[in-house]
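Labels run A, B and C following the written order; every chain starts at residue 1.
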Amino acid sequence: MSNTSAPTMHDKLTNMELLTLDNPVFCCYLFWATVLVVKMLLMSLLTALQRFRYKLLGLVPLAVRRKVFPNEEDLFFKNIEVQFDDPHVERVRRAHRNDMENILPYFIMALIYVCTNPNPLVACNLFRVAAIARIVHTLVYALYPVPQPSRILAFATMLLITFYMAAVVALRTLRFI
Amino acid sequence: MSNTSAPTMHDKLTNMELLTLDNPVFCCYLFWATVLVVKMLLMSLLTALQRFRYKLLGLVPLAVRRKVFPNEEDLFFKNIEVQFDDPHVERVRRAHRNDMENILPYFIMALIYVCTNPNPLVACNLFRVAAIARIVHTLVYALYPVPQPSRILAFATMLLITFYMAAVVALRTLRFI
Amino acid sequence: MSNTSAPTMHDKLTNMELLTLDNPVFCCYLFWATVLVVKMLLMSLLTALQRFRYKLLGLVPLAVRRKVFPNEEDLFFKNIEVQFDDPHVERVRRAHRNDMENILPYFIMALIYVCTNPNPLVACNLFRVAAIARIVHTLVYALYPVPQPSRILAFATMLLITFYMAAVVALRTLRFI
């Protein structure tokens, strides 16, 4: 699993250098974590965009009919009411919630995993696959709904990677229970 | 509060070594954070399990009556509709949301707390109690609903621990406001 | 952007010392992250307070009419039912969810940003502005609803700061893609 036996270039790093830019594994984590943070924040903007969808096209009557703003102070027209159950908005919100449920624990788990000095090749590829899987998940969930199992596969990819990292860390730290 | 006065074995660590596997407090944090990450991810699977509950038993007619999938592409039978308010599914989702509201800030707070070089005995026991409290919270909330105040006590335990850590960190870093 | 050219007092720090209390930028991050963690946890208590609002005033009949507890075991009166759509409770919950969507990714992003050894003056002020913006966001969203664009401005402030940090980190780590 981890490189406790095989000597690699990476073994020269001391424990103190693991969370620095001198560690290529940490740099790889930084890059892909940044990509996922940006992706998550764009979900907020996508939700707002869905709320304004018809307004952006200038179709005020449709906007009046859709009225999907959850707060009274967000209503820009006097004759519309608060609403919560627009299917397009709710779909983006479910995708966003799924992101929070999976990506935020992954951030902590992957950071912890870097501290155990994993094999660089394995670790970097896990970071890459996990990040790309979640981008695919967003595409097939929030942007272009695609028949299953595309979304389940994308979801399971990051889940299994996080479980693998958890197993590695738990085995290394088991005696500190 | 923290071991600024009493000399302990732990005092030999320099600041640079705090976030490494040489620090037993950090290892203890790693182990229990891993446990909580796995617990949170299992909530996703528990939600999915609740949606499929009757299907797993092969009781198709009941599944048709329950129809608790929020996305159209998740429907495996043509004659069922999208639904959002199944009480069993929503209970697990509330428990999961409560996890996100409390455990994710705790991850950051506890990691920050390790950086302040706390007393090892205090810190390790806080990590253990907080993690076990949240496991109890999940059991009495999502799996076997139990009369209050069991859930409130489990919830308050991690909340108070996080507030204690916040107080320690804030006092140490107050001059950098 | 970052202090790669201008020599400052901060340049004396080695990479290894970035995530220690010897680094004033990290201490500043610790303080303001602690403030935001406490703010987020207070949202849980505010939600509970909204649910008990009338009960705290001793107005039992109003409490019976409002009946805003989502779980059956939380009902303290026999003649009330479970309810989910109280506008005051839901407003606090939306504010809390918005916190999770924005502050939790910010915690990771800002921690990562500290690892790139940013200019101390820029970094500390970003931490301060971001934290204060979110406190304002909570005040104008959950406590005293104020006409737009006050909330959008507070929301956009942290979002833009997070995007800036993401850009800095991504540029530094782009070759580890």
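Brief remarks on what is shown
By definition in this document, a residue touches a chain if its C-beta (ideal position, glycine included) is under 8 Å from a C-beta of that chain, and two chains touch if they have at least 3 such contacts.
This structure is a prediction, so every number in the text was calculated from the model and none was measured.
At the interface between chain A and chain C, under half of the residue numbers involved are used by both copies, so each side presents largely different positions.
When chain B is fitted to chain C on its Cα atoms, the angle of the rotation, on a 0 to 180 scale and to the nearest 5, is 120 degrees. Centre-to-centre separation between chain A and chain C, using Cα means, comes to 18 Å. For chain C, residues that reach two or more other chains under the stated contact definition are 16, 19, 100, 104. Listed in rising order, the residues of chain C touching chain A in the complex are 15-16, 18-19, 90-91, 94, 100-102, 104-105, 108-109, 112, 115-117, 141, 145-148, 151, 159, 162-163, 166, 169-170, 172-174, 176-177. Within the complex formed with chain B, the residues of chain C that make contact are 16-17, 19-22, 24, 26-28, 30-31, 33-35, 37-38, 40-41, 43-44, 70-74, 96, 100, 104, 107, 111, 124.
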